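In the two assemblies presented below, subunit A is common to both, partnered first by subunit B and then by subunit C.
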Partner chain A sequence: MRRVFALGLAALLAGCAPADDRPEIVVQRFFGECGAVYGASTDVANADTECGILTTLINRFEAENPDIRVKVNVVAWPGYPQLAAQMAAGDPPDLVTMHQSVISDYSSRGLIEPVEGLLAQAKIDPAGFTPAARAGVEKQGKLYGMPWDTIGRLFHINTELMAEAGLMRGGKPVLPNSPEELLAQARQFKAKTGKPYLIQAQVSAPDFMVAFLYTYLLAQGSPIYPDDRHIKLDTPEARAIVTLMRQLNTEGLTTRDQDFPAATAAFTQGKGGIFPVGTWMLGPYDAEAAREGSPIKGHYAVAPFPRLWGTAAPFVDGHAWVVPAATRSPQERAAMARFLAFLSRYNYDWSRTGQLPAFAAVLDRSEFKALPHREDIAALSRTGKQLPGYVERQSAVQGLIGEELEAAITGTKPVETALKDAERRVNRLYAQMM
Partner chain B sequence: MSETAPSSQRLSPLVTVLLLIGAGIMLMPMLWTLLLSFKSNAALMADSGSAFMPPWTLENYAAIFQGSLTTRWLINSLIVSTGSTIGVLVLSSLAGYGFARLDFPFRRTLFVIVLLGLAVPEQAVILPRHQLFAMLGLHNSYPGLILPSLTGAFGVFFMTQYFRAIPPELDEAALLDGASRLTLFWKVLLPLTWPAQATLGVFTFLGSWNDYWWPLISATTSDYFTLTVGLASAQMNYAQTSGLGFLMAQAVFASIPILVVYIAFQKQIVRAMAGTAVR
Partner chain C sequence: MNRARRDALVGYAFVGPFLLVYAAVLVVPLLMGIVISFNNADLFGRREWIGLANYAQALSDPVLRQAFFNTLTLTLLIVPPLTVIALLLALALNRNTRLAAVLRGVFFSSLVLSVTIVTLIWRFILTPDAGLVAVGLQAVGQPPIPFLSDPAYVIPALAVTTLWWSLGFPIMLFLAGLQQVPGDIYEAAALDGAGRWTVFRRITLPSIRRTLLLVVMLQTAAQLQIFGQAQLLTGGGPGGASRTIVLYIFEVSFGRWELGYATAIAELLFGMILLVTLLQYWFVTRQEGDRA
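Moving on, here comes the complex of A and B:
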């Protein structure tokens, strides 16, 4: 009885507590949880890693804006099953991190809102976005998010091995300008060092191979997606690219049978010359190159994918902040605008992660230029190419293409058959889409 | 029972060695996981083989406990798993008793419908269930996480079979002594089903503890994450490369309660497995 009374009293007291009438915004993000280190941090300049910097940014926003209540949902990467569930339940968050290549899946169904109004309210001029970042959020002529960065693929290079192979000039790696040069340099590298020229993740890493294919298809001006329901992969351009990838594999000029973690470790152990992987590894590898005793200590460089065909048009993606469609009060919208304005002011800090900034002004800042290797890769912000805004279902599509590419590269299928199969399977997926 | 096993049950040295090799192979991934969990992320990124060499560290485990919501997720998992287990035991026992012992209209038809439930995978009903729970406002709540597990057909089928195996003479004797149906169920039959209850309880608890898919889409705010979803959300991108030690520590941490349950109810689990094999 006493317990019942105590519970009743507690409920009564809770009811008497002053109501919190501050507008609440629900921010949903991936990038992990790092409350152990950054739970109370507001020192953005000293925060590190994607998780650390974003956690600190949100802490700081809350500290500077006590009149806004921020609820943070940290979701398991990439968080789209949860977002879909929230949308289906009619209870979506207010601001969500989303890959730019995924935006069209939601924008085409009216599940996220165009954000021009919110950006204007936040006094963010979309003209200030880098070309690659803007292309990532612009779908059917509307902006469906505030771009946050650009993710590109880079050649991460072991300069010690490149020097041993005679592929350094003026302190810079010598990179190929054609498929023939690539093969010649790879053979030279292997002959001189006894190690493979490339380190690749060929197992369970479809995006890895797809990025290579997309980059060089875009470079050749090949229309990968002629419309929103078709892909075109059975082309001479695609055959040339995949044949090159297969030849590298056949001749042992690349590591084989490695998944992404194995390939990542192989590079740090100096087991190959070049690891073509994303901007996100810039920070970790740079730290490794500064560590005493590391096989790559002082021997690390990066460069955008070399121009092997046509023009420089590296395939890029990026992260953006999007707004799920929902009814919101003017106060909530004002709070969201303030949050976006706050984030936009700290885009430089985010670029310390290794991803490229989404705001062109950051590229010109001296602090950004002073960051390691950034001047070598900043061009990606301008030359990087996104897929057309109408292209959907990239997550599933890249999985299908990746399977076929793996079969072609490892010799399980002829290149032509694999590309035909990839095209057929993707087009069937699109045909089944509502 | 004699103290030494009959010679026919003694294992030959060859079989013993083969079993030891088999056990070693099965233990290897767990030992590998454990070793990785005691290494720093940086050391593993450089070389995952370094797990076999010192220095080892507890920093990955410390990071789990320092995580702002880990304790809450652990409590959530305990509440959901315990709630599901109790609910399944109560409902399955009652339903099993009803199907095995009571005569009522459409009993056979209803039992067939229950059996059909065994053939329907969760994925097939997840969309309508999600919409139903959304309409009822049950997402992001403990009932929302517990209720779906109570509708499982396996428990009902399992308990029905168990009740059927109990001799009906017991019922007759108890009823002759003036026991009501409830007394018969509660004081006579239910105590006899303890081995089945233990088995069903262990499996339900383990299934609920390991469940990922439903909590992932029903609990969308961090406060209601279960441990499986919470730990997954705590992983940084490419955790398998730059956060391998932390990832493995999470795996070990999440499996500790499961190990405890296995050890505590080892006999029931083995008996249940053996029973399944015989059938």
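Moving on, here comes the complex of A and C:
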């Protein structure tokens, strides 16, 4: 009996691994899962796509910092329901990818920490952030994250069809300077090519319409959020913008009934002139335009949204690394600082995705300028505007506005009614907010 | 201790552990949900007692009203056809042939797919650009139909998707019910010269009445909670035309963090499902009582 007991004890002890006293950081990110391709990759320069580059960066950090244990949670985009549940349960991760527009939801409740101390520890000077990136993470005078990029909407352009429509000059697409010009050019495009001027993902993707509305409201200096509990959408400026979008739809100057995959397929198959979609599609479309046999081979250009009203003020957002509030040891904080410092050194590699860098120095690097089309869009880092830092629930609000805009643009509701309804629904949401 | 008492205690010992777990993971959250629904509450534990205000708001919320009618329409478009089709297929497949066995497997196979796969398959069928239906229509010179973006088509599209996905389980229930019907009743009916319709109406249908009730009750409860198909295929759009009640609860709780309001809607939905299910049960058992 004693022998059996001794053998059992020995087996138990043999199963115990030595204690791992390395500091552990839990990194939670979206951008997808691509372990099958990049699971073992540490070659950052040769990684592609958001998922590939970030997976490779984390692998490389682990390889270069064996004294830190990194646990990675990959969440389905955007991952905020999971994060909220983790915070509610008192078990948040240490570093999280977060859209800058969402930060105020968490900072206002003390759910994430200001990061000035961590940035100082990582020797990252916030003065080096681009204006758009800094505006994205600065809330009530404090920095609530390390900005990672600036994302905005661009006009992705099929230059072959634009040339066929007579809308190219000096090798550059001719873009409109007023709503009337936009309609005129769109009609000319359709008459000459028989195809729609715009390709739009209108099914299950309301964010583009909201970005379009915000961009041209910001351009006209129209105060969208007069304070932190009210939105103002029932205005002549908003009505003019939505009426233009409706007109494009009514006249068949844009594709209809497409979701994002269908719209992307339409663009890469040359079925329309301009696809207004995010900076994140720059890399994939540029690769498609370089592929032999592609209908857009050699016929691809990008530009920020044209200035139709007022000044150039494209609505932008961005990604940031934020720190959920929690008690952490100095060793863990030091490990987090090293992780942020490491990421900041690779901000150029991240900008290969198509997003604009968060660090101004990257914009001046020759490698960045040599990337395709980057000179055309770099201005977004300077001119890009975010909503005021006190605006909360931007994601939910975009859903509400997007739904009403969809109804207005497709003709289900009059423009004025849809804007009134959007205003009422958003203000009710703010009235309920604790 | 007498034998009856000992047997009773043994019985309680068997069900006790399950009852405890059941109460812990179902009844307690249900009661907590009722309490939360009387509060203005967020996801992070903040609570402010507001009495019945969430319920009053729910009754005057036009978005919830639209979601309610969408859900009801979907349930009506799904449950009756699903029950009839499943019953007809079960009658056809209730025989001992190899073909019937293969077809039983085929019809059951859709049920093992996750909602993600099902919606992906139906997106490829319904999308107006290169979907299967669009290709067919274009081949005969007809324009494609925007099933997923036209308010008039989006609910029928979700109903068809759900019908295709959900057919397997009711077929299996009906087959199990049909195999319980004693063969000698059918033999007696044959001797009496009863026709197929008479046999179905007088013997088969009354014999599987309980199974029929079970199928209708289960499907009604399931379809009133329809969520995944609407979220993945249409996101509730266009303009909320396919938003269901559970999708709205999800948006309100996890998108807007209005936990109190979301739980109030959830409690109303719970009450509605309970009421509909009890009504169905009462309707069928009352008829049985009248017959007895």
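The working rule: the second predicted complex is superposed on the first by the 418 of 434 C-alpha atoms of A that agree within 3 Å, B and C clash if a C-alpha of one lies under 4 Å from a C-alpha of the other, contacts with A are read in each partner's own complex, and residues count from 1 in each chain.
What we mean here is this: a contact is a pair of C-beta atoms (placed from the backbone, for glycine too) under 8 Å apart; a residue touches a chain by one contact, two chains touch by 3 or more.
On a predicted model such as this, the values are computed, not experimentally measured, just so you know.
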Query raised in the report: When the two structures are laid over each other on subunit A, do subunit B and subunit C clash or fit?
Result: clash
Query raised in the report: Is A:Q432 touching the first partner subunit B, the second partner subunit C, both, or neither of them?
Result: second
Requested in this report: Using the touch definition from the top, say if A:A265 reaches subunit B (first), subunit C (second), both or neither.
Outcome: both
Query raised in the report: Of the partners subunit B and subunit C, which touch A:G32 in the superposed model: first, second, both, neither?
Result: first
Requested in this report: Mind working out whether A:P284 is in touch with subunit B, subunit C, both or neither, as first, second, both or neither?
Outcome: first
Query raised in the report: Between subunit B (first) and subunit C (second), which, if any, makes contact with A:C51: first, second, both or neither?
Result: first
Requested in this report: Answer with first, second, both or neither: which of subunit B and subunit C does A:D376 touch in the superposed model?
Outcome: neither
Query raised in the report: Who does A:A88 touch here: subunit B (first), subunit C (second), both, or neither?
Result: both
Requested in this report: Please indicate which partner A:R393 is in contact with in the superposed arrangement: first for subunit B, second for subunit C, both, or neither.
Outcome: second
Query raised in the report: A:V72 contacts which: subunit B (first), subunit C (second), both, neither?
Result: first
Query raised in the report: What part of subunit A is shared between its subunit B contacts and its subunit C contacts?
Result: 81, 84-85, 88, 265
Requested in this report: Note which residues of subunit B are touching subunit A in the complex, please.
Outcome: 42, 45-48, 62-63, 66-69, 127, 130-131, 133-134, 139, 216-218, 220-222, 229, 232-244
Query raised in the report: If you look only at subunit C, which of its residues touch subunit A in the complex?
Result: 40-46, 48, 63, 123, 127-130, 146, 148-151, 234-240, 251, 254-258, 261
Query - Residues of subunit A defined as touching subunit B within the complex - result: 26, 30-37, 39, 49-51, 71-77, 81-82, 84-86, 88-91, 260-261, 264-265, 268-269, 280, 284, 287-288, 291, 294
Report task. Quick one: which bits of subunit A touch subunit C in the complex? Just the residue numbers, please. Result -> 80-81, 84-85, 87-88, 105, 109, 111, 202-204, 206, 256-259, 262, 265-266, 393, 395-396, 399, 403-404, 406-407, 410, 412-413, 425, 429, 432-434
